[in-house]
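Shared between the two complexes below is subunit A, which has subunit B as its partner in the first and subunit C in the second.
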Partner chain A sequence: MSRGAEAQPAAGVGVARVAHFATVEQQRHAAVLGIWAWLVTELLLFAALFLVALILRVQHPEAVRAAALHLKFWVGAVNTVVLICSSLTMSMAIAFSRMGWQRAMVRAMLATAALGSLFLVLKGYEYYADYEEHMMPFLTVRPYALAETPATRLFVNLYYVATSLHGLHLFTGISILLGMTWMAAKPGFLSRHQNWIEVYGLYWHFIDLIWILAFPILYVVNR
Partner chain B sequence: MSGTSAIDSGIAEREPHIPEPTLDRPADYLHAQSTLRSWFLTTDHKRIAILYLASITAFFIIGAVAAGVVRLALVVPNGAIMTNDTYNKAFTIHGVVMVWFFLIPSIPATFGNFLIPLMIGAKDLAFPKLNLTSWYIFMAGALFTMVSVVLGGVDTGWTFYVPLSTAFSNTWVLPALIGVTIVGFSSILTGLNFVVTIHTMRTPGMTWFRLPIFVWAHYATSLIFLLATPVITTALILLIMERAFHIGVFDPAHGGDPVLFQHLFWFYSHPAVYIMVLPGMGVISEIVPAFAQKKLFGYRFVAYASIGLASVTFFVWGHHMFVNGQSDLASLAFSVLSFAVAVPSAVKVYNWTATIHKGRIRLDTPMLYAMGYIGLFVLGGLTGLYLATLAINQHIHATYFVVAHFHYIMVGGTVLAFLGGLHFWWPKFTGRMYNEAWGRISALFIFIGFNVTFFPQFILGYLGMPRRYATYPPEFQLLNVLSSAGATILAAGYVFPMIYLVYSLWFGKRAPANPWDAKGLEWETTSPPPPHNFLSLPSVPPVPYDYPIQERETRSQHR
Partner chain C sequence: MIGERGPRDDVVTPLRSLGPEDRALLRRHLRAPILTFLALLGLLAVNVTLGATLPFAHVWVVELLVVTVMVAIILLVSMEVRREPPLVRLFAGLGFFWVAILMGMTLTDYLAR
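Coming up: the complex of A and B.
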């Protein structure tokens, strides 16, 4: 993970040791292991949700198909591309941080946050289009479009739970990213906290990965 | 503050009008600072452990009072003492509070927090601020749930089974669920902190096979925290959505599946049993060698058995659903796997017993608890095999046999280990010795009271009394009265330590660094330890549990 950074330590790039660690190396190792452990629990959080979605498919294949046809495939597909691009800009931010190019790094981080926000905007549009089409079965005030096939409700509702949970992660991610960009723009940041960028990058890629799993499971299979 | 700076400059100067006799020794973590802020914003793992200790003790008292209410109601067969509604709410408070807010955080969040850095020779956990955050998340979630179960009342039991919890209950289920979900994140963060700490913060020379079993047990527990808790979070989120918006995932009327909830629930909640049990096993593995003055028998086997239990426990959740329409093949597989749990459990019990064998045994308070633990755990574990047997399970499923079984594990196991560990490390935590005579008396009270309370329940269950009912046939009254009478003895056993331990804080004898002649790095530092744990870097002995008496065979211990 941080192998590249060790190979060519650029000038002015490094990590300041916090008192309770014995060495900087120990501190870096702890940070990376910590975020991986967190990602494992996040993966299981979503895994349980995807498992429920797949069980519903097996139990009600036709109803799930009818519901999946109502999802906005192209919005989902565009969003997938948007998130993959944001992972690219995040990787660039990490690479710049290792080289000590602070200004380029900050710009790459801002681009990442912008792409993440674009995803949320498109997702919001998608929810709105669903609302217009009466595809929100949990709203009691609004008659549901596929009322004659009750099992579709399950899948559509699960779609909202999964995508909103992912959206919440993305929103949190963007907020942290913007806060960190604000700090990272200050002089001397890279000499003290370069590993923050690497650790955060792992989280961002993970959010991307979850969407890459969610998109086929919710939109593509059974289509 | 002035004391700290005097130590820093190496001069024992102090102003003459302040009589502060402890200043000529280094300030310990309890006295380094004394403002409220220094407690509630501390990042010292030892102080956070004390915060947890105080909060879970409060929850334990609430849960115990609720248990008392339940036992009071069951003194008469016809439910004349309180309404069925009150009874349902009381046993829900008991279950929710004891499981989610006492047993799960009990040993890891208090002793684990305090001792893991000491045992591995570190200054703190890897992420001290995260550690404090865990406590705040725990308190926020727990108080949220407490308000809803105590003020509003919830009648679903601690398992929140659908469709009762989603469609039928008119009580405050939703806020209770939200609180429990929040508390889950506290568990995850604690587990994460422990895993990273044990991997990265060991002092030079502290190899994996020199770690105390307590640390191994907490490593295994933390893996369960990390891998199982997120699944219950998902299940609870779906349950919250189901109750709030009727999304239908668990509702058969919409094609959903109520058993799906049970699968998701027990995928976490069975491993959670080992979140409660494994740390207790770690505690016993420290107490037994210390009070037998003998090297722990089969160190590696005990260490591997911890990881073994943590692994097998992920594959036995289906034994909670033997009568719920699960396929016979699945039930058979879960039954066989549940039997497999007995193997690592037995490895541990045999190793403790072999450690005691020909040791120089001292029956001090911690050892009394440890021996009580071993006996009750054997009984609880063996009755678990009855329950894992498919045919017998049909007869005793959801009866008092199950209640007795898991109380032998949870109370006879975890609570005894908690109390044993509390007495064992009390001198280290507080720097004071408690009254030994009172300690032994209350250990005896708890052992007797516990057995009188719960042994009759095995018989009741076998005779067919179902759990969770407020009424029962009159012929069961004798055993129920016996059980309730035992609960009062048990309660006395809980009240004594609360009095003499608190008393010892001010009036107890000062504790030496190592009052029990125990091994382990935590005994190398002062009692109580200084803020950064060690005044000088401790040196790690080449073998763990290097007690005077050793077995002949030490084939692969030197590594």
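Coming up: the complex of A and C.
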């Protein structure tokens, strides 16, 4: 992989070649290409949701604005900071893996999982506050606060679909990260599977990227 | 690729205990992630300020431009697309190209009605 000088792996850090690849370099390229192929499909999935949000904004500006004013703007902003911090710790884990600093890498991975969990806790609080404010139009047993403006239901339901789908990706990401951390703490991991950290890092940064898009499209531009 | 020397299990920090070589190594590897982190926080601060104060009409244009810069930074620096082989860059570029077509054609329709 044509990385910069600072990205060259240290001694004792590498990838154990599996039989169906001719070289380690080919194996690394295939892994990165594979995760990108998947990330592109994820990008198209979320892009369709964001597109619907923008169309709703064009078609029902007043209703979308009324609904967006009920969103917890500051919780969303804090959550964006949390995910940006988690991207830093993930980048640190990748850097430590390249340097061969295994224990520091494991700690950075745990910090990343902790920040991801904090995001989910804050998101849970946000949903709870929405429930208290009767802002869950899909609950038939609970009156909806903006029932007099039917178009707001479209935006609020879309908000739940987009944010819960993102939350599901984050939850899956945290689970995989914790499993990988358990494996990465074992002796010899970095000499055989260093590229796992890099490939996983792409997924984590992508989750961050999706939220970086979701926050302004759902919370900011509709105010 | 498998070297003889094992990974540095002994590096537990604190930073004070690191020698000059390790410090230089750490600085070299963490410079880009920390600068990226600061840039993203700064751009987020701009967007949050604009969203909270709504200083002028059509402020959403500026907000979306700021987001575009944030996404570009994550892609090029954090996800290291600029350092990937051409085929990976093509995949990443094609993904956003299709999104641009999806957004462009659909919004052209809705905005022109």
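FYI, the second predicted complex is superposed on the first by the 216 of 223 C-alpha atoms of A that agree within 3 Å, B and C clash if a C-alpha of one lies under 4 Å from a C-alpha of the other, contacts with A are read in each partner's own complex, and residues count from 1 in each chain.
Definition applied: contacts are C-beta pairs under 8 Å (C-beta built on N, C-alpha and C of every residue); 3 or more make two chains touch, one makes a residue touch a chain.
Since the model is a prediction, treat every value here as computed from it, not as a measurement.
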Combined model on subunit A: subunit C and subunit B, fit or clash: fit
Touched partner set for A:Leu202, first subunit B, second subunit C, both or neither: second
More subunit A residues in contact - subunit B or subunit C: C
Subunit B versus subunit C as contact partner of A:Ser86, first or second or both or neither: neither
Partner chain(s) touched by A:His29 [first = subunit B, second = subunit C, both, neither]: both
Which of subunit B and subunit C A:Thr181 touches, first, second, both or neither: neither
Apex subunit A: angle to the C-alpha centres of subunit B and subunit C, given in degrees as a multiple of 10: 100
Partner chain in contact with A:Leu44 - subunit B first, subunit C second, else both or neither: both
Partner chain in contact with A:Leu154 - subunit B first, subunit C second, else both or neither: first
First, second, both or neither for A:Pro216, with subunit B first and subunit C second: second
Touched partner set for A:Gln59, first subunit B, second subunit C, both or neither: both
Minimum C-alpha spacing, chains overlaid - subunit B and subunit C, in Å: 7
Shared subunit A contacts, counted only where both subunit B and subunit C touch the same residue: 29, 33, 37, 40, 43-44, 47-48, 55, 59
Complex contacts: residues of subunit A adjacent to subunit C: 1-4, 6-7, 9-17, 24, 29, 32-33, 36-37, 39-40, 43-44, 47-48, 51, 54-55, 58-59, 73, 77, 80-81, 84-85, 87-88, 91-92, 95-96, 98-104, 187-192, 201-202, 205-206, 208-209, 212-213, 215-217, 219-221, 223
Parts of subunit A lying in touch with subunit B, wherever the complex brings them together: 19-22, 26, 29-30, 33-34, 37-38, 40-49, 52, 55-56, 59-60, 63, 137-138, 150-151, 153-154, 157-158, 160-161, 165
Residue ranges of subunit C touching subunit A (in the complex, touch as defined): 1-13, 25-26, 28-34, 36-37, 40-41, 44, 47-48, 50-52, 54, 60, 63-64, 66-67, 70-71, 74-75, 78-80, 83-85, 87-88, 91-92, 94-96, 98-99, 102-103, 106-107, 110-111
Subunit A partner contacts - residues on subunit B that touch it in the complex: 122-124, 126-128, 188, 191-193, 195-197, 199-201, 203, 226-231, 233-235, 237-238, 241, 245-249, 253-257, 260, 264, 267, 532
